[in-house]
Structure formats: C-alpha cells, structure tokens
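Contents: one structure, followed by commentary.
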C-alpha cells in the first residue's frame, strides 16, 4: 500500500476541441478542492480534437474514486457523445498478463522491473506457448500457464490455433487485466481478440515501424543495409504491425554487425521501448485517437 | 506579417503552488472567450512552485495585448508578490543582438535559420570584437559593429576591456533586444552586464556542463578520454558557465577523434543546441526558477 | 595547399576474401617505406568479401601518386578480376557539383562548411531548376547555372525533362566531379544518369528509409504517428530511394509536432546526415558492395 | 563448447608507432596460414603509439594458443620493451566475479545476459556486503559470498573495512578472474587492490563523468538542472571515479523528472553502459594507454 499522500486520481479526457474545456475541468477540480500535481493538455489542430490528463492528490478530495467518477461523468457529458474519459486510482494497482514464446529478454526485463518496484503493476500471470520460460516465471511467484500451439506443418493448424487462442482468451479474461503484453509472443492474434482487447493489448515489434513489418525484421534490416535498427511498442489491431504507435527507439549499427549481432543488440532497444511504452500505458498517459497516440508526459 | 489567424498571445506565469491556480487562469481565459491552442503546466513538488504557459489565438480575444496584460495583472496579483508573469504577442516580432568573435559556425547557422523563416526573430545587429565576420553579416543586411577588445598582453587590459564592454552595452541596449546571444563570443561578460541582462543573455558553451567549464573544453575532453562530447545553452550569470541550463546535447566520439576532430564535430552540436535553446527562449517556453529552468513544450 | 606533412595517399581495396591479403598489402606498403596513419579492414563472412582502406603519409613514400597507382595495380591484380581498388591523393582536392531546387538549408550548410574548411572539397558549380538560390551561391563565388524544368502539367513534360537533364549532364560532366550531390533536388534522375554517375551521385532523402520512400515523407510520417523522424544519405540508383545507404539518423518527435514542425525539425537531421555522408564519400571511406555500403572509419 | 569453426585466437598488441608494424604482424599471421576475420588498427599521432587487435580462426592455424603465444612473443620482442601484447583463445571462457551491495538492476541484467548466452563469460561467484541479493544469485546457480562491511558509525570502521577487503581479495583471487565487476558496489576499493587488479576491475558510475563524481550523482545532477543524465563504465584506479573510461551514454531528462525519477531512469543507462563495457573488455577490445582507452571495434 502506498502512503496516503502519494495516492493519486488520474483523469484522462478527450473530445472535439472548443473554447472553455480547460476552464470547465479545472473549475470542477478546484470546486472539489483537488490539488493538481500534474496536468497536460494537447489540442490537435488538424483533427480539431482536445486531450488532457490531470493528476490530483487523492487526499485533497473529500470523496473516493467512485464518487469522483460519478461527478466527472456529468462534466464529461457536457462535451457531447464523442467525449471519452477515464478516472483511475493509483491505490488500486493495475494488472497485466504477459504472453511469451521462448525469447526470454523482455520477460526477464519486465519481471525484474516489477520486482524492483520500477513498474506500477501486478503481473498476475504469464502464458507461454512453450514451457521454456516457466522456471523464471515461477521463481518470481507468478503463475505460468502453458498453452501449446500447433506447429507450422500441422494440417489441422488453423482449428488447433483457434482452440489454443480460445484457451488463452479464457486465461487472460479471468484476470481482467489492464494490459495484455505480447512480450515477444510470436503468434498473430486473431481479429476478434484484437477487437476485444483493443487499447489493452500491447506488442513489441523488433523494427522501427513501418519499416520491416512482419517476420524476421532484423534480417530484413541487415539485407537492406540500414545504419540504425529499432523497436516499436504499439497497440495491437487486426492490421498486423500497423496499430497506434506508443514508443519507438533506435540504436546505431554498421557493416560489421551481422544479422545475429543485430538480433542481440536489438534486444537492448526492445527491452527499453517495451518497458517505457508499458509504463506510459499503465500511468494512463497514452490516449488513442484514430490510429495515433497522444502520450501526455 | 503573419495571417491574423496565426497570431497568438503567449502567457507565462509562475507562483508558489496551491490549489485553484489552473482553474483561476483557465476561468479568466474562458471568460475572455480565449481559444487555447497550447497549454503546459508544471508543479515542482520539491520547491512547491507552480509554472504555466498558455497560448491563445489573438483573434479569439476581443481586445489587444495591452488590455490582456492589464486584465491578467489583476489575476496574477491574487497569487501574491512572488508571482511572476508575462504576456507576449507573436504579432510583435522579438529582437535579438548577437555577439561574436571569429568562429563563424553559430552565426552562419542563426542567420540562415532566420532568413529561412525558421526562427521567429529579427536579428537587429551583430557586434564583433574582430572584423572577420562583417561580410557575412552585411550580406544578410544586418548591421555589423566592430568593438575591438584589448589583447591578452595589453597592460591596460582591464580598463580597455571595461571601455569596450561599455560600448557593447550601449549598442545592445539601444536595440532593446529580447535576447542577447553570445554566439561563441569568447569574452567573459562583466558582472554588472550579467545582472542587467539577466534572463536575456544566452551563451553556448562547447561542453556538456558542468564538465569542462572554462577554456578549451574540447581539449579537456580529449585529455580525459570521454566517449561523448556535448554543448550547453544557458543563461549567463556572473558565475562563469554556471547559469541556468536551457538545453544540452551530445555526440559520440572515440579514440580516433583528435582534439581538432572534436572541435569540428562539436560544432554540429553547438549549432543545434544554441538554435533550440534560443527558439525556446523566443517562444517564451523557458521559465527560470532559482538556478534551473522549466522548459514548457 | 596543405603542408607537405599532412598530405596523404588513400588506398581502398576490396576482393573475395582469402588468407594473406592484409599481409600482401601491408608488405607492399612496408617495402615502399610507407607510414600508415590509418588502416581499417572488414571481412564480410556472409558474402566472403574483404574490404580495406589504408592511409599513408605522402612524404613517407619515395614516389608520387601515379607511381603508387602503377605499383599497387600489380598487387591488386594478384587478387583476381573481381578486385576493385583506388588510390587518391589528398593533395588533389576533390570536386563536387550540387543540384538544388528551392529548399536552401542543405545548400547553405554545405557552402558554409566548405568555406569554414570543414569539408575537403571544391564546389565547382551549383545547378538549380529555379533561380531562387542563385544569390547565396554567387555570394560564395561559386558559379550557378539555371536549368529550367517543365511544370507538372506541361504536356511536353517528358521530352522537355529529358532535354533539361541532358543540359544538366553536360554541365556536370564538364566538371569531372567526384561527387554529384542532390541537395534536396526534387527531380528523379533518369536511369541512364543513375548508371553513368553510379557511385558518385549522392542523395539526401528526408525519411528514415526504407520507411516513407517517395513524395512528402514527413507528411507520411505524421499520418502514421511515428515517434522518430529521420533522414537518409544514399547513392542514387535507378531504383528510387533504394540505393546503397551511406548514413542515417533520427530525431525524436511527438504528438505535438505538426507535419510542418516535422519539416522544420527534420532539416536539422538532413543537414547532418548529408554532410556526414558526403564527408565519408570524399574521404574514400565508403565502399559499395551489392546494394550495401561498408563505411570504414 | 563452441563449434570448432567459431573458435578464435584474439591478438592485441601496442607499441611506439613506426613504419612496418602492420606488415610484420600481418606477415607473421600469413606465414602461419591464419585466416583473419577481424582486424583493427589505431595510430595515435599525439602520443605516437600504435594499437592493433587481430582475430583469426583457430582452425586455420596449425598449432594451439600456447604455441601461438610463444611464436608471437618473438615478433613482439622486435618492437622493444614498451610493446605490450596478449593472445587469448575464445575456446577458454573468460571468468568474472561480481561485487554488489543491495541495488539489483545491474546484477539482474548481467546474470540475465549470461544465461541468455549474450555475454561470453562465466560468472564464477558474486560477493555482496549485504545478504539482499543472495537468492537471485543462487537461483542462477552461481555461488554467493556474504562479506559484511562495517557501518558508517562503527568506531573500528577502518580496520574492519581492511579486514573485509582482505576477505574479498581472497575470494576474488582464488577465482583468477579476467574481470572483477563492481556492479553498483558502493565501497571504495583500497589503493592496493586497485593496483593489484589494474586493468581487470571495472566499475559503473552513475553519472556522465567527469561530472558528478562521488556520492549521489543523480541528486547532484538534479540540483544542477542538467538536461541529460548518464553513466560511465571505467577501469578502477586509486583515483576515485577517474580511471580510464571504457564507455558512456546518456538519456534525456527534463524539469518534470525528480531526483527519484532520475535514479530510476538512470538504471536503464547503467545497465546498457556496464554490459557494453564489460563485453568489450571480455572480447579484448579495450587497450589502455595512459589514462585513456582505445576500444577497437
């Protein structure tokens, strides 16, 4: 449990832009006596859309998060049906489920950060389509579920895959997670899960998208002879590797780096980019509009 | 002249933190019908200080900048004597004076950016303690003033230097500039000018401060064997190379870079860092508190 | 004229890899008494190809560059018909022709660097398809040639374009340049010029290729919502924006950057990437093999 | 065990510069039939010193590493008493001992990289002055030794500390390690151990040295208001935080980062910089001359 003074309510809100939005929200918070510790705004002139994120000290407000939600709902309603908003309480820890295959580096990194108190989340379970990573997960006292997926040459591949994804879905949904993290999970989510988990399923792709979408991006990068390689953390949509981008970064390579060197060196960027993107998601800093993100820091 | 719709009023404000500041300012702007196109806030918990920058469309407000200043002064007064604020009008172009010696790269860069419309400023004059850069300045139709400074072995050095600085001061002050840019001006400003131009005199130092303050920073860096070199844009104070930092950046070097290579390669970072820092200053994004800056982007 | 002691012979050589290449070349240089001041090697295991660049003090060798070429030719011949090599003499300054349209920033930057002695090259002429940049070019005492190109709606567009390119070709070829720099020249070179100038025509593309090839890359980047934008310096080939990459770099952007902001901020990266790529080309650091470069630093 | 074809002999050599060194070494290797897969050279003109690193396929040479050492010793002797050299065999895995306190992030990172096969080293033991990290170490099947150190107010502090260091020394030396890594070990090594482990003891300092040497560097950085924070991997010498720098990197911060944020965010850079520096040390890429390193990549 956090100390009472560090507990926060986080309000995010977006709607078509017009005058007076900031005043209305700030006035509402002032009337409630709320002490604002962080406030960020963005007005997108091209799309005429307004975005804000406000963080207030929970102990400055004379009611709880549910009451705040109820009252804020009335304010939000004034801005029409397109307004979207959310109030979260840092006193209720967010929950994440991780999906993995065999590659350990992103999993190791996230487990390490959570155990060091760096990431504000409970990893409630890890689901792997191989047994390979069970030990490290259980050593962190996190439940590991093995859901086998069919091999590439299995003739009943498609139906077995749907069955496997149905099992994954059950295991995920019973956790009611705030984030479903594809931590180098090498299976493509079926469209209905992309839709159902929209805004919660987060993938790390090992290239600087839109370059090198799809399979073996480091090998594609090596063949093209690029001088920087990157990684991209994005929300999963039915359009492969084309969802809203949360974070990206790159690292310099040169002619002496083989494709294997790029695979190894790229891991450093994958770890950083995924952990940053996940942190911002968990802190409610990422607002999605169309196929783009506004990351309010 | 900008088109009427792109003219902005920029309001910056800071004061001791408390609840209701955002609401008061946003309410004031809403009452005036102001269309906010950019808004940034920062609350410094350590120092309990609040900072904001608001940008509104000039054509959304039914009065001019002076009237806005008059009205905002009343709002600001409610927050006590420590509150500081400013309202600027992008319709009135900011003015800068540049001080130079012989090194041309920062001067070239700034003149080029202004002529390409990249930097929102009029360079009203350039003052050099050598004639070397006169031609490039006048080619840009900017007045150049040569103020000779005494050599290092002149026995009347100190008094001649004060006289030279007095001439510089007159040339600067008659321009009433918003920025006095030491664009690789290799003379140390006397304390009284640091004080008089506080918050307007901007220097580019060719190291990643606080490392390698003082003379020949690239040679110091080469001797120490660092793996990155940098540059720092900061406000000038009487304490040499120790004023509030506006912007810094670095570039990778290695053992094959001689001190001369570092001098050459460092210029790329000096240009970038100075032009970014100056831009933010001109856009009223930089609020100084104590010896630190808050850069509201 | 450089001082005699700083004059260098630069030898580049590549061939199928095998044992003894380094020894043969180093032995040849040692026998000639050559003082090696820089030496770089690369063996590409995938392609089984060997690359080297050697820099020797000209005053350490008892004969001139032509004699060195003659003698080295015999060494190179031992490594078969696929071996390629070159010997250049830093005492003979390289020559470059720049092709421009209206965008001034890369032109300004290159002219500034040459006049500051930062880039070892003579810009022998600038060819523009608009008059816009004539003044700045002639101010640097460089000849400017205006070659008009047909507008997009001219019905004789294709034939007029070929005529214009024929005029460009003549103006370029009479300079016998070591580099033909497309410094934001917005016309696509015809295939026969790509072929004729292979390995000498250098383009700056304003994206991190292979993302956003073709027109309006910053607008493409803005639409996709990427978190970094970049620039790519590459050799021109008949395959648009797909030639061997010499250098790339990126800069961070976020949701608050409009497409115009990206255009402005991207210029900083274009300038850096083009000037670095051109420098390495002029210093004979860039060896092309297939569609990739080996940049020996 | 690596496959025979990937086994390498790595030769490093440095001596006062003169003509013919490359030829002599390359000739020696060619005579031995050695297949060079990597070769790097550096000639430092200021210090007139020559450095090289050569990597050859072990299976291309008709004798073992000891025989190669014996033969190379004769070559090296020709270059006088100041020449230093080393021949290592990648078939014999390097060994490292880690020293830790309570901070887990660098330890986690190194253990994770070794278990993923990313770092070519056996961690033979970890020594901690607290019990805190025992579990994670033993989970990786690495022996953990607890050596308690006196608290800051213990009046027998100095003598107890010497005793503790004597125990550390024994535990380290019995492993005959190639690297002694201070992975956020918060004790200052006594001068005699700095001397004894010269060139093998590697520290990660959590600032961009020479800025913010000593205690609490992130707090110093926060107070100064820098815009980038960094980390430095360096060899330990008796002069605190002043040894030869192997690698450095930085990350951008701004006014919204508290000192605690800097501590958290800096860990990402510490991990990267330490793991890179250690890798280069283990791959014999780092040659020390005076107080600087040449890192041959």
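The first chain written gets the first letter, and so on, giving A, B, C and D; residue counts start at 1 in each chain.
Methods note: a contact is a pair of C-beta atoms (placed from the backbone, for glycine too) under 8 Å apart; a residue touches a chain by one contact, two chains touch by 3 or more.
Everything quoted here is computed from the prediction, not taken from an experiment.
S.K.: Find the chain most remote from chain C, comparing centres computed as mean CA coordinates.
M.R.: Using the mean of the C-alpha atoms as each chain's centre, the farthest one from chain C is A.
S.K.: Let me have the rounded angstrom distance from the C-alpha centre of chain A over to the C-alpha centre of chain D, please.
M.R.: 36
S.K.: Counting only Cα atoms for the centres, state how far chain B is from chain D in Å.
M.R.: 42
S.K.: Provide the list of chain A residues touching at least two other chains, using ranges where the numbers run on.
M.R.: Chain A, residues with two or more chain partners: 38, 45, 256.
S.K.: Building nodes from the protein chains and edges from chain pairs that touch, which of line, ring, star, complete or other describes the result?
M.R.: complete
S.K.: Which stretch or stretches of chain C touch chain D in the complex?
M.R.: Residue list for chain C touching chain D: 19-20, 22-27, 29-31, 33-41, 43, 45, 60.
S.K.: What residues on chain B touch chain C, complex-wise?
M.R.: By the definition above, chain B touches chain C via 38, 104-105, 108-109, 112, 115-116, 118, 139, 256, 264, 267-268, 272, 275, 297.
S.K.: Quick check: in the complex, which residue numbers of chain A touch chain C?
M.R.: 42, 44-46, 208-212, 224-228, 230, 244-245, 247-250, 254-256, 258, 291-295
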